[in-house]
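Two complexes come next, and they have one chain in common, chain A, joined by chain B in the first and chain C in the second.
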Partner chain A sequence: MAFINPKTKEVQIKIVYYGPGRGGKTTNLEYIFNKFNSRIKSEMVSLKTHGDRTLFFDFLPFDIGNVLGHALKVQLYTVPGQVKYNATRRVVLRGADGIVFVADAMRVVRAKNILSLKNLYENLKDYNRSIFKVPLVFQYNKMDLAEQGIPLLSYERLEKDLNSQLKVPSFPASALRGTNVAKTLKKIITLTLPSLQRNLRKEVVN
Partner chain B sequence: MSYTLDSKQLDAIEDMLQHDLIDMGVTCVILIDMAGNIIANLDNGKKKHDIYSLAALAAGNFGAVSAMAKIIGEEEFSLLFHKGKKENIHFSRVADDFLMVSIFGNDVSLGFLRLKVAETIKALRSILESTMSS
Partner chain C sequence: MDRKDNAFSEKVESILDELFAEDDSQPDAVEESTSIGYYPLRFLKATVLSIDWEITDEIMSRFIDQVERLKESHKSDKTVLPLLQMLGSVGQHIRIFKENAHPNALKILKSLYISLEKVIITKEMSDNEKNRLLYREIRKFKALKGQIVSSNLAHVPHKKGRLEMPSPNIGEASGGVTPQTPPPSSFSGNPAFDRILSGIEQLKDLIRGEFEALREELKR
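This part shows the complex of A and B:
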């Protein structure tokens, strides 16, 4: 849950990148870290296995400007995508203000995308939260692989598989190349802002 | 989990942490929520840490350890503490949704710290529990 500090005039919001293993969650953060280096005061924290797979989480805090006189600090997290790390995913998901679901557009991973989304639904339920109410954006990653002849799911197929009921914003993307990475992030921040602004206005009035 | 803190409450929390812990020799105290947000952060001015990363890792660490406790049939562990060569770190839950992280050198004994932390938590609880809403 977003924390508004009336003393320091800061707002901290937590965005979690979720999705199946090897889908591109960490790559999203790495791209953001490299691209927006000037706004990022600290190093990206990455807890990985020897095989470069996220073990616990990645963490990247950065400042994105002001909202109603408060400095907005966004804290980006990724979760480990492998099925066996569900307990860890639940820990990292706690208090998330917004979620980016990074789906893997490769055809061979279709079932994993759906399982991962179901897993997100269940983990949110454990926190008495509904996937239908949490600010959520889909990113359909690895669209650049089409150039290499790798069979991909179409945008329409991914929408039907994942977004037919939720109907939230979605972006075809390439985290490796940075295509739509910033747009995805901007969108999820925008979606988390309305409820934040309501609380900020109460704060300002008080 | 939803809570609101105003400037007065934050001042009271900071005064408490300063008086009870920092003035007693603790290097740094961070009060966070379980999502990793920093509520209060005080230090003795001698060393600056990357507190945002520390807060995220502390919340994750505590969450993971709590999950492990439940797996083995414990409600929670009464002590979570890591000992270093020069600096040590102690974690303590405050009410249901907050965590106090204390960094201290070898000039402060763990026993003394735990005593002071327990006293501080008692006082903090009344402030933090009043901020919670359903």
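This part shows the complex of A and C:
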């Protein structure tokens, strides 16, 4: 749930990038940071383990600006994708307003995508939240690898594997090149707005 | 209230459009161009990406096989061959130690692969550029070797075959993987002593490698 500070009229939206290890979650944030830093004027914080893997999380906060009297701030987080870091994933997931599930389109990691989505479902359940109700967007990453002859899952296959029941917005993407990275981000922020407005209304009533 | 909600959403969306408007220029993060028709390293690249994901015997054997095959087809190339030799050596190290491989081994493997790809794919690359790239990789490779030796000396618990770090003779056309056997020792019951002996062997190997590389550089 978005953090609302009625005194300062500040609203924080927390977006978490979830998905299997090496799927491109950090690359998404790095792209956003590198490409739009002159506009978002922010710093990205990364905690890496050996071999450049995300140990705890990456964190990229930025201000959207003033909207109808509220200062809107967005915080992007990634979770470590490796299976062994589930406790960290759960902690980072706490209070998420929206989730971007970054799936890896490489055929060899098909099962890992499904396992990671199942893991998201379970971790949300631990917080009494339903994956069907949380604002969620799928990003099918690494689509650019097709040009190099690397066997990939088709968009349709990925949709069938991951999104056949959830039916949420999805984007084929290349986080490395930036294809659909901004679109994914814009979409997930937009999806969080209805619940944010509900919370703002509650604040007004209280 | 609905009208207010719409105004709120519209305002946020328009700010987002402005904030994340993309021009045609590519971001700094983009590393490589990919206008590739026939891609000579497609199998090796797929395997490197798989290693990035998971290290198994099957993947590592495939990797070593592909490197060996490429070595054969590039045996007369003075830049590609040493790069492949180093790739093979780091691959052997990862194959042997898997998740206990040195933390930088995967990084060096990726860096070696990127350089190899650059040398093979970029047709207009000058010999000077190739040599610079090669020496940069040799430096990184040597640094990795040094790190492995020192970390072994410092605190890696002794196990049979634990210190079998492949040590290629980089810079040499004939160089390759020369797996080291643990030093024969009458003190094999004493792990501390074994560790010291193994460390000495590794140091000797490192010095030998340095001299060989130096000799090669002097020849050139």
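Following the convention adopted for this analysis, the second predicted complex is superposed on the first by the 195 of 206 C-alpha atoms of A that agree within 3 Å, B and C clash if a C-alpha of one lies under 4 Å from a C-alpha of the other, contacts with A are read in each partner's own complex, and residues count from 1 in each chain.
Convention: contacts are C-beta pairs under 8 Å (C-beta built on N, C-alpha and C of every residue); 3 or more make two chains touch, one makes a residue touch a chain.
Quick caveat: nothing in here was measured; it's all calculated off a predicted structure.
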Item to complete: Once the structures are superposed on A, label A:N34 by its partner contacts, choosing first (chain B), second (chain C), both or neither.
Response: second
Worksheet item: Just chain B (first), just chain C (second), both, or neither: which does A:V109 touch?
Response: second
Discussion item. Under the stated touch criterion, which partner chain does A:V67 make contact with: chain B (first), chain C (second), both, or neither?
Written reply: second
Practice prompt. Mind working out whether A:V45 is in touch with chain B, chain C, both or neither, as first, second, both or neither?
Written response: first
Item to complete: Please work out whether A:G21 is in contact with chain B alone, chain C alone, both, or neither, and reply first, second, both or neither.
Response: second
Discussion item. Of the two partners chain B and chain C, which one touches more residues belonging to chain A?
Written reply: C
Worksheet item: Once the shared chain is lined up, is A:K186 touching chain B (first), chain C (second), both, or neither of them?
Response: second
Worksheet item: Hey, what residues of chain A end up touching chain B and chain C alike?
Response: none
Worksheet item: Which positions of chain A touch chain B when the two form their complex?
Response: 1-7, 12, 14, 42-43, 45, 56-57, 59, 61, 73, 75, 77, 87-88, 90-92, 94-96, 199, 206
Worksheet entry | Complex interface listing, chain A residues touching chain C | 21-22, 27, 30-32, 34-36, 39-40, 50-52, 64-65, 67-68, 72, 104, 106, 108-109, 112, 144-145, 147-151, 176-178, 182, 185-186, 189-190, 193-194, 197, 201
Worksheet entry | chain A partner contacts - residues on chain B that touch it in the complex | 1-7, 10-11, 33-39, 50, 52-53, 56-57, 59-60, 63-64, 67
Fill in: Residues on chain C engaged by chain A in the complex (per definition of touch)
1, 4-5, 7-9, 11-13, 15-17, 19-20, 22, 26-31, 34, 36, 39, 42, 45-46, 49-50, 52-53, 103-104, 106-107
